[in-house]
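One structure, pasted below without further comment.
Going in written order, the chains are labelled A, B and C, and every chain counts its residues from 1.
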Amino acid sequence: MDEVKSNASLILYIKKLFHDSTDLSVREVTWKDGVGIVCFFNTMTESGEVNKQIDIIRKRAMDGLTDWGGTAASSVEAFSVQKLVDSVSNGFVAVYFPASNLIMTITIPSYEVRSTSEPTNEFVIRGSHEGFVESTDKNISLLRKHLAIPDLVIKDLRLGKETNTKVTYVYIESIADKEVVEDVKNRLENIDTPKIYSIGQIEDYLEDSVWSPFPQFLNTERPDRVVANLLEGRIAIFTDQSPAVLVAPVTFFTFFESPDDFNGRVYVGSFFRVLRLFCFMLAIFLPAFYIAVVGFHSEILPFELSKKVKIAVQDIPYRPIVEALIVEIFIEIIREATIRLPAPVGPTIGIVGGLVIGDAIVTAGLVSNLMVIVVAMTAIASYVVPNLEMNTTIRIIRYPLMLAATLFGFFGIAIATLILFIHMLNQSSLKQPYLSPVIPFDPTRFKNIFFRIPFYKNHKQQQTFTHGGNKRKGGGKT
Amino acid sequence: MNFRLSRIQFFLLLFIMQSGSSFFSFPSPFITATGRDAWLIFLVAGVLHYLLLLFYERYYQRFTIGPFVGWLYKGYWLFIAVTYLAYIDYTLAVWGFPKTPQFIVLAALVSVSLYANLSRAETIINLSVILIPLIFIFVIFLQFAWDDLTWTNIFPIGESTEKEWLIGLLKAQVAFIGIELYLFFRKHVDVKEEIKGFPLFVYQMLWFSFFFFSVLITLLYFTLAGIQAIPEPLLYILKSQELTFVERIDLFFLYIWMIWSIVTVTILSFSALYVHRLHANEHQKRDTIIWHVLLVFLPLFFLSKKYIEILNDVVIYVHLLFSVLIPFIVIIGSRRKKK
Amino acid sequence: MKKIVPIFIACSFLLVGCWDEQLYKEVSIVPLVGIERESEKFTGHYSFSVISNESISFSTVEGNGLSVRDTRLNANSKASETLDLSQLQVMLLTEETAKLNINQTFDAIFRTPRTRLSSRVAIVEGDITPYIEKTENMDIELPDFYKDILKTDIEFSVLPDIDIQNVAGIINDDAIDLALPFIKMDEKTGIPKISGLALFSDKAYTGRTLDKEESIIVQVLQKKPGKYSMFTYIWKKEGEPYPLTVELARYKKKWDIQDGKINATYKMKFNIEEFPYDHLDNEKNRKEIEGFLSKELTKDFNKVTKKLQEAKSDAVGFGRSVRAFHPRLWNKGNWHDTFSELEINVKVEAEISRTGILN
C-alpha cells in the first residue's frame, strides 16, 4: 500500500468502494504502532459490541502477544482489497492496519433472524415443531443439535458474482456415497450465473431434467426431516437467507414419507404410508376414470349405480371433459386465491367459493353432482401427500390423463399410464434411479415403501440403473 | 450397448416376451386342434420347452452372429412385432374401438415403444415390472370363475389321435415364441448369479404353470363347441364374471393385455435394435424411428380376420426356423470354426 | 421446433374428436328385454329408462325385424335415445321362441362386446305383452321386480343360478340339458310369478315344466343348491297330522353308473325348521322321522327323475359323468335318447342333525 496515502484519503477510498452507502461506518482507531481503520456496515453489526471487541484485542496487542489478532471472534490475514470488500459485505467488521498491511476480521453479527417456528407448509402432529429460518448458521446449529457426531460434514461455497450467496452442502461422511457428494460439488461449482437469490434457482441448475413434472429434490423446512434423510445417506443443500433445504438424491417414495410415520405406532405409520400411495393413484386416475366411464364405458357400471349416474348426467349440457375442467379450474382458482387472501377473510372466501358456488353450479345444471364429488375427492387426495412439490405435480399430471381419457377412454388412460411410467423410469435424481427400491428391485428396501419398519437402519443409496454395474459406464443418458 | 441384467430381470424379460401377445390367443386354437387331451399334450410340450432351454443354456456362448444372421433375426422380429400389433389392433377394434381409424390406435401403441426405445436400455428392461401386479390381478380375477368350472371336462383321457398330437405340439409352439431372446441376452446376465440348474428350472415351472393354467381353465370352463366359437376364451371368462362393484371386467383386462402386448413389442424392438447396433452403430436415433414407422404402417395391411388367421398360423413355422433351426446351425458352425 | 411438433400433433387429435365416444347421457339403459320368435319373424320388447324429475322409470317399446338385432334397430327409431343392452338384467322368452333353437336367438347377444353376460333368462307362458307392461297393482319397476323374484327363488334353490353365459355353456354341452325359470301370470292378482322350471332337451324347449317343489329336487340332485333348500311333508301319528319342515344342511352324493343303470345315493343331513309334535330328544322319534323322510324323499326324487327322462332332458347332468368315465355308455348313441331309457334309481338317506331351539 502506498505510504504516501494519508489515512483520510484511505477512508475516502474505502467509502468509494461501497459507493458511499450511508450505513457504512469507517473510522480510525489508534493502535500500538500507528492506526487501524475499522469498517463495517452498522446495519449488520452491533456498534457497541464492536468497541468492546476492539478494546479486548487492542489490549492483547499492547500486552505484546504475538498472535494478538487470533481470538474466538477474529482472525488476522494479509490485506487485499477483495478481502476487505468480501468481509464487510458479509457483515464482518474489518480492521485494516496500513502500517503492517494486515487486515483483521471480527465476527459480530447482529442482523435480524426470525426465531424458529413450525413451517406452515409442513405440519406434523407428533414430532419436533422446529423449522429452519433464513440463516444458514442458525440452520446448521439446528442440525448439529440433532446430530452430535463428527461425521456431519458441512461445506460452503459462494455462488453468483453479483449476489455472492453462500451455499452450503451437508452430508454424513460415513453414510453418504462419495461419488454423489463429488457430483453435487461439481454441479454446484459449475453453476454459472451472476445472481442467486432463491433455492429454486439452484434446484433448476442441479436437476437432471428440468422439464420433468416430478421434483427431483426434496424441498423441506423441517430439521427432523433433513436429519432423517442425512441418516439415509442423502445430501442437504442450504442457501443463506432461505429456510428451504434441498435434499437429494431422493426417490419417488421419499415424498410420501412424513416425520409423523416414525413417531407414530408401527401399524399406524404403515397404514398412512400405504394410504398416501393410494391417494396418489386416486388423485391421478379418478377424474380420468370417471370421464372414461361416462364418455365411453358406461357398461361397466352395475345396474343400481348406473341408475344413479344416469339421473346425474342426464341433463348436463357439456361433454364430460368440459365439465371436469370447469370444476378443476374452479378449485385451482380457489386454492390459488386463498393463499394470497389475508388471514381474516381467507376461510370466509373459501366457504363462499367452495360451498356456495359449488352448490349453485350443480343446481344450475352446468356440472353434475357426481363430477363435483369426483373432483373434490381428487383435490383432497392430492393434498394427502406430505410434500407441496409432489402435490402440485400430482395436480398437473392429471390433466394429460383426463385428456387421454376423453380421446380414447380406458385405452387412452392405459397408454398415458405407460408413458408416465416410462418417464418415471427415465427420471433420476443426481443420477440415482428415481423409483429406486422398486426398480431396480431391491428386496431389502422394498418393504420400507409400504411399511414403516420398527427399527431404523442406515443404508447407502441405490447406485445405478444397471444391475451390479459400474455406474459411470451404465448411467446412460441424462 | 452396455447393460447388465440380474437373474430376475432376465427371466422377467423372457417371460413377458413369451407370454406377451400369445397368452390370450393361445388356448383357443390349441384346444380346438387337440380336443380334451390338450392338457396332456401341453405337459409334453412343457418338457420340450425345458429341453430347448437346457440346450440354449449349454451352448449360448457359441451363439455369435454376424450381420447376415443379424438381418435375418431383425426381419423375424419385425414379422413377429407386426403380427402382434395386427392382432392386438384387430382385437381392440372388435372389443372396444370399431370406429377409431386403426392407424391412430396403432400409432398410439407404437409411440409408447418409440418413447421407450429412445430412452436408456435400463428403462426397457425394467418396463415389464409394471406388468407384475397386473398379472397377479389377472390370475386372481380368473379365480372368480371357479364355481363355473366343470371338472369332468378333462375326461376321458387319451382320445386324441396321433395326428392331433402332432398338430397340438405344433400349436403349442405359440407359447414358445420369444424364447430365442435367451440366446441374445443370456451373456448380459451378471456372471455372479447362477442360472444353470435350479433357477432355470424355476423359470421353466413358472412358464409352464402359467400356460398350463390358461389351458386348463379354458378347458374346464368351456365345452369343446364353445371353444371353437370363441377366439379369446380367457377374455370371455372375465366378461361373464359378475362382480358386485363393477361389470365387464374383461374391459380392464383387455387393456392390461394391450399393455402386455405393447411391452412385448417394445422388447422386440429393443432386441432388433440391439442386434442392429452390434454391426451398425451410427444413426441410432434415425434407425429407431425408421423401425417404428415400419411398425405403424406394416400392420395396416393385415387387419382383417383373414390375415390375422394366416399370420397366426404362419408364425409357428417361422418361429421354429428361428428358435430351433438357425440357432442350431449357428452353434454347430461356430463349433467347427473353433476346431 | 422439436417441442412444438408433438404438441401440434396432440392438438390435431383434439380437433378430430373422439370416434368411439358414446356419452352416457345419450344412451338409454335397457334392463329388461322380451323376445318373441315365429320362425322367421322376431319381435323384441325393450323396457328402457325414462328420466323425469330426478327419478328413473321404465317404459316399453316394441320392435319387429328379421333378427334380434334388427328388432332393436327398429325399436331404436321409436325410442328417444340409443337403446343400450349393457345393463340388461332379465331377458324373457316366450315358449314358442324357446321351442326353436335358442342358440340362434342368443347369437347377437354373445357377438357384441357391450352386452352384459350375467343377466338372467326366463321363459314366460303364453303371449309376452302382459309380462312386459307394468300393471297398476305393482309397486316397483318391472326390471327390478323380475330381478328380485328370480334372485329370491335362486336363493331358495327353486331355480338354478345360471346367467346368459351359463346358458350358452349348457346349450353347447351335449351332456347336460338346460332348465330355465318358467314364469306364469297369476290369474288372481295379474302379477307374474315363478312357477318352476321349463325343461329343455338338446337346444330346444320341450314344452314340459316342473313345479316349484320338483325344481328344488333338481337343484339338489345336481348338488348345486342355493342358500336354503327346504322340504315340507305331513307326518301322521295316531291319525293326527303334523307338518314337518326340514332344511337341508349338508349332503353327499354318490352316483354309481353301470351300463344301462344309474344308482344315485344321497346322504342328507337336515335341520328341523318346524315340527309341532316335538319330542325330538327321543331317539326313537328321531329314527322314525328319519325313516319317514328317507321314504318320502326317495319317492319324490325318483318321480322327478322319471319326469326328466320322459322329457328327454338331462337337467341334472348325469351325462357329464358318463362322458368322462363311461365312454361305452356314452357312445351308445344320442345321449338324450340313452338317458331317457336308462334305469335311474335314486335313494335318499336322511339324518336329522339339528332340531332347532326346541327339542
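Note that a residue touches a chain if its C-beta (ideal position, glycine included) is under 8 Å from a C-beta of that chain, and two chains touch if they have at least 3 such contacts.
Since the structure is predicted, the reported quantities are computational estimates derived from the model, not experimental observations.
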**Request:** Please list the single chain whose C-alpha centre lies closest to the global protein C-alpha centre.
**Result:** B
**Request:** Compare the CA centroid of subunit A with every other chain's and tell me the farthest one.
**Result:** C
**Request:** Tally the contacting C-beta pairs at the B-C interface and at the A-B interface, and name the larger one.
**Result:** A-B
**Asked** With chain centres defined as C-alpha means, what is the inter-centre distance between subunit A and subunit C in Å?
**Response** 65
**Message:** Roughly how far is subunit B from subunit C, centre to centre by C-alpha average, rounded to an integer in Å?
**Reply:** 40
**Item:** Chain centre separation in whole Å, for subunit B relative to subunit A (CA means)
**Value:** 46
**Request:** Could you tell me which residues belong to subunit C and also touch two or more other chains?
**Result:** 13, 20, 86, 116
**Interface hub residues of subunit B, defined as touching at least two other chains** = 96-97, 100, 247-248
**Prompt:** Residues of subunit A that touch two or more other chains: which are they?
**Reply:** 299, 301, 408-409
**Message:** Taking the touch rule as given, give the residues of subunit A at its contact with subunit C in the complex, in rising order.
**Reply:** 293-296, 298-299, 301, 303, 306-307, 309-311, 313-316, 319-320, 403, 406-409
**Request:** Going by the contact rule at the top, pick out the subunit C residues touching subunit A in the complex.
**Result:** 10, 13-14, 18, 20-25, 27, 29, 31, 49, 51, 54-56, 84, 86-87, 89, 114, 116, 147
**Complex interface listing, subunit B residues touching subunit C** = 94-101, 104, 148, 150, 152-156, 221-223, 225-226, 229, 239-242, 247-248, 250
**Fill in**
Interface with subunit B, subunit C side, in the complex: residues 13, 19-20, 86, 113, 116-118, 163, 165-166, 168-169, 172-173, 320-321, 323-325, 327
**Item:** Complex interface listing, subunit A residues touching subunit B
**Value:** 297, 299-302, 408-415, 417-419, 421-422, 425-426, 433, 438-441, 465-469, 473-474, 476-477
